[in-house]
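Input: one structure, supplied below.
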Amino acid sequence: MTYFLKRFAHMVFVLWAVATILFFMFRTMPGTPLAAFIDNTTTAEQQDALIRQFGLDKSLGEQYWLFLTNALQGDLGQSFFFKKPVVEVVMEVFPNSVILTLTSLIVAYLFGIVAGAYLAWRRGSWVEGFGIPLVLTTRAAPEFWLGMVLLAFFSFYLGWFPSGGANSSGSEWTSDWQRVTSLDYMSHLALPAITLAIYLQGLPLLLMRSNMLNVLQEEFITMARMKGLSTWTIVIRHAARNALLPVATAFALGIGGAVGGNVVVETVFSWPGIGRLLVNAVAASDYPLAQGAFLMITAVLVIMNFIADVSYHFLDPRVRFATR
Amino acid sequence: MLLEVRDLVIDYRSTRGRVRAVDGVSFNVPAGAIIGIVGESGCGKTTAVRAITRVMPSSAVFSGGSISLNGTDLVKLSERDMQKHLWRDIAYVPQSAMNALDPVWRVGRQVEEVLVARGGMEKKAARVRSEELFAMVGLGANRLSDYPHQFSGGMRQRASIALALALSPKLVIADEPVTALDVVIQRQVLDTFATLQKQLNVSVVLVTHDISVVAYVCDYVVVMYAGKVVESGPVADVLDRPAHPYTMGLYNAFPELSGDDRELSPIEGSPPDLLDPPQGCRFRARCPFSIATCTQDPPEHLVGEGHIANCHRATEAADLRETAKRTETWVGVTTE
Amino acid sequence: MQHAKEIALPKRETRILSSISRWLVAASTIPRRDPFAFAGLVLYLIFILIAVFADSLITHDPREILFNDEYDLASNLTPGGDHILGTTYSGRDIYSQLVMGTRGALVVGVTAAVCVVAIGTVVGLIAGYFGGLTDTLLMRLADIALGVPFLPFVIVLAAFLNPSQWNVVFGIALLLWPQSARVIRAQVMTLRERAFIEAARVTGAGPWRIMFVHIAPNVLSLSFLYASIAVGWAILTEASISFLGFGPSDSVTWGYMLQDAYASQALGRGQYYWFIPPGLCIIGVVVAGFFISRGYEEILFPKLKD
Amino acid sequence: MNKPLIAVERLTKRFDVSRSMTDILTGKRPQLQAVTDVNFTLQRGETLGIVGESGCGKTTLGRMLIKLIPPSEGTILFDGKNISGMDRTAELAFRRRAQLVFQNPFDALNPHFTILRSLREPLHNARVPGEEHVSRIAEAMGMVHLPAPDHFLQSLPHQLSGGQLQRVVLARALVLRPEFILADEPVSMLDVSVRAGILNVLREVRDRMGLAAVFISHDLALVRYVCARTITMYLGAVVEDGPTADIVGNPLHPYTKALVQAVPIPRVDQSHAPLPITGGLPDARNPPSGCRFRDRCPLAEGRCASEVPPLRDVGGGRRVACHLV
């Protein structure tokens, strides 16, 4: 219980710190934030109106305080470009990012765990000789390049999948849920998810393989063999269970990292996710939107780090129960 | 005779070649007796006893000899047939139970797992039997729901003993079961182990480096050095009238609490490299009584009722024993 | 008590020579002992040579827009003739860009790796050895750095600062040091409890001497392994940033080439010869780093003993 | 009685323990009392054994004596000077005069240093002039019977056996010609046949250099072989102090009795009588009130629970911490 509260307080601290860094970074960067909207046609009054509207006339301290209090109430200001509250814009695309991240991560981890365990089992064989370099190569390949190759081959050349976006243009949907579960959405999701899965499976695979190798050398595994338990029971009920603990933590960390990290894949497949929103917002120097998107990504990252730590704490009895 | 080990030979494949860890080891384990296997680190005692369960690291190779349990030679059995014997007939108590118990399982469940999987019991019956086993070794039933890391050293060893006795095996192999414990707890666990052994009439093979523990619990003792048996027999005979120079040296090097203030004499030099062991008697380089014939393999001399010594000069054991008591005998033996 | 025989203390030169020879012997066993690391070293060597001799290897100026004999744009030529890998949509020689890209990648990769590992090692050493308040402060700083999403941060950074390679290096140095700092700190904390470190204290060595003479050698191997991974991360990040359009427009990098190819519909036209090679080069350098640090596994999963 | 080399007064060491939620809220800082109110003196040339089971605080006490960890309360005087709160030069002077032999020889030498470099480290730190190093190292290696061919000095720790490593560790301690050596379980990691060699070297070195020594062990038989005087400790407190022969021959404190009786001896006719002690070690975080041994002591009575038994002098150089003895 103590650990939970301590770690929660720590998370809030980190979130606040990053938000502060973010706030000052945007303010102190060269170039006025309104550069994109002030061209020679807008008159002086319009400029002042714009500045007042976005609260830029107040002192930095006041702006900061305003920023914080509003952020806590979920008000991240107005997007210059979309003329809509930032939160609204962000929430429109956020589900796409979450879906992309979860599908690719789940596929990557399922494959990684099974392949990792298998590689551990076939230690020293040719399978390992080819397997390890292959996995390391998937870790070494830039995600977006993987995406480009898949796009060029499966979409443009074979035409199996659409070349971008989340839904074919011109299609209407009765509800978000219906849109997201439609076949059309799935076919758009396929290629980006596969690209990400190829990249993400490296970590769980190597982690699972190494944990299995370590656990299989432990004495309680030898004892299990001496008890005459079947190999299958030993591998699943004892070895895998011990080896899976760190992988579960890595999964939570993976989610946190991926939501922000998918921006390049989202760009290759023009997948309307939060990462791409950030890139476009920054390109259009729509800084409230960029700031909002960045804050959302940070929130997910920090919260997932927190969940990873806490989950490990509860999953591993050695940590949960201090020696009595 | 419950267990007969005959000329057992075990090699380990390593990057530097084959290490002959056990080279022609023989000993018997009568039903209901406790056999002590004594020797220093690297003498092959753990390899020899682990071989009885045939659960060895992948680099280990059975290169010869036989291990017969009630007449069936375990070395010749197939993997499946051998598995039938495991834990039902042969059980094992590890040195430090800390990493011998699965850290993410409650201890009670690990006992029940064996009872259900290998003892053919129902879950409920297994639960009751586990409580019985824990009570037998002096642990409360409430401890069953704890995790291994919540056990103290002594409690973990008691849990391991309970685990070993779960299917009432005929033979329990204990590899340094109390070495990691403090002397008071060690005494308590040894007493518990000994009383249970007598009660259940289980044969025990106890591996240790401490001859005092052997004197305290064992009926027979086997002294090993560099992969070979150098002497074996009833504990009283071997301790009071050691017939092999290594046993004499071991006794002299052992500080004794009650003995007079005698000067300890170490055995100089170190054990031979088992990659290419010396010809003949392996203790030759460190033995103060080695003579020319020691370059050939020492014969097995019967020096008393069930008391053998593998030494060319076993017949002169009585006077060797006297000279061995004087510390200067052991000084400057090896030129190394 | 035989008298203390005179021992000839080996002179300084012989001691240095013997330690070098010991090191060479260890190095010579790498090919046999660890083929991965050896392959990684060879790959690295090749890329370094290419980067150094890039100027003499390229056939054209990578940025020069080329025209064929009839004075119209030599765009989208397929490999062959005097363009080994053909030309881009805007008529630039792909092979020359690829070769020049090596230099850009390695420069970014190595500088970023040096920064990350230097900061990480020093922070790890100080936090690990001194513990207490300094440790808590440094680790809270690390938590904050880890709390910032890496790629988005570098994007925002690149967008506001005028685009140049150094944004990526700066971003990496700012955010990637906590990983190596934590790993090294953990290693230092275990080392600090080791008997030979207590021996150093008991024989009168001061804290700084213990840290840099006794602890550092044991930690350097770890920082070196981390460095070879950090090179990989830096190159991947630089490529991503250039791909997103925030990269420097003045120098040619592999990321720039891929962005150029993507933007000019090279995928649709199936110009594999344009966008496949840069990807393979990135993989080559990054995977070489992973292979060298075969300890890559040790880094992520230190307990693995074969 | 001239001034003792080491005087320990009311020495106590407390360690912070992880705090539960209620502790944080109520501002409590639960602590573990590893060493409680230890007093003894050590004359020059005297060897004191400290015996006790794991968790009795003997190692913590040792680490305070050699200034590796600071005490929570009480003082340690080395040749009359308090060893805590020393400035750099005073500390260096102390380091030259007090050295430590480690339990694990395989971990006591830096794996990256050659034997020679490890032996020079203390000389370098103590600013001993370069040309003296040769003779000092030769002298120390001679004393521990280490053969000194050139290759030996150049080899790395992993190339040596346990016995040889422990001799190098001892040589490193002797190279500064200290007046006091602390040996914490110096032979527990070694094989029996090698142990005797190290113990003999320790006894020989102590006599030749007139060293004062503290020998920490859980094995009463080893302590009996090396030390003239012994202290037994239980759960952080000294329970008995006196000449080793008396402690072993005729122990007074019930815990020492149980300790002596529990040690097996290499003779078949040893007694198998059950120990006069019940149960196991209590939780060190909240030890029993009054005498810490009372919950396991066969003689315990009311007074033991209410009053902490002081370490009483009972004549013949013996002290015991028990109301009833």
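Labels for the chains are A, B, C and D, by order of writing; each one numbers its residues from 1.
Convention: a residue touches a chain if its C-beta (ideal position, glycine included) is under 8 Å from a C-beta of that chain, and two chains touch if they have at least 3 such contacts.
These figures come from a predicted structure and were not determined experimentally.
> Name the two chains that are joined by the greatest number of C-beta pairs in contact.
Greatest number of C-beta pairs in contact occurs for A-C.
> Measuring centre to centre with CA averages, how many angstrom lie between chain B and chain D?
Roughly 32 Å, centre to centre.
> At what distance in angstrom does the C-alpha mean of chain D lie from that of chain A?
The mean C-alpha positions of chain A and chain D differ by 55 Å.
> Indicate the whole-number Å distance between the mean C-alpha point of chain B and the mean C-alpha point of chain C.
Going by mean C-alpha positions, chain B sits 53 Å from chain C.
> Between chain C and chain D, what distance separates the C-alpha centroids? Give it in angstrom.
Distance between chain centres, rounded to whole Å: 49 Å.
> Do you know which chain D residues sit against two or more other chains?
none
> Check each residue of chain C and list the ones that touch at least two other chains.
In chain C, no residue touches at least two other chains, as defined above.
> Please list, in label order, each pair of chains that touches.
Every pair of chains meeting the touch criterion: A-B, A-C, A-D, B-D, C-D.
> Residue numbers of chain A touching chain B in their complex, please.
Those residues of chain A that touch chain B are 218-220, 222-230, 233, 237-238, 241-242, 245, 316-318, 321, 323-324.
> Residues of chain A touching chain C in their complex?
10, 13-15, 17-18, 21, 25-26, 29-31, 132-133, 136-137, 139-146, 148-149, 151-152, 155-157, 163, 203, 206-207, 210-211, 213-214, 217, 257, 259-261, 263-264, 267-268, 275, 278-279, 282-283, 285, 290, 293-294, 297-298, 301-302, 305
> In the complex formed with chain A, which residues of chain D make contact?
18-21, 24
> Would you pull the chain C residues touching chain A in the complex into a rising list?
Listed in rising order, the residues of chain C that touch chain A are 36, 140, 143-144, 146-153, 155-156, 159-161, 232, 236, 239-240, 243-246, 255, 258, 261-262, 266-268, 270, 272, 275-276, 278-279, 282-283, 286-287, 289-291, 296-297, 300-301, 303-305.
> Chain B touches which residues of chain D in the complex?
On the chain D side, the touching residues are 53-54, 161, 163, 191-197, 199-200, 218-222, 224-225, 248, 258-260, 262-268, 270, 272, 274-275, 277, 280-281.
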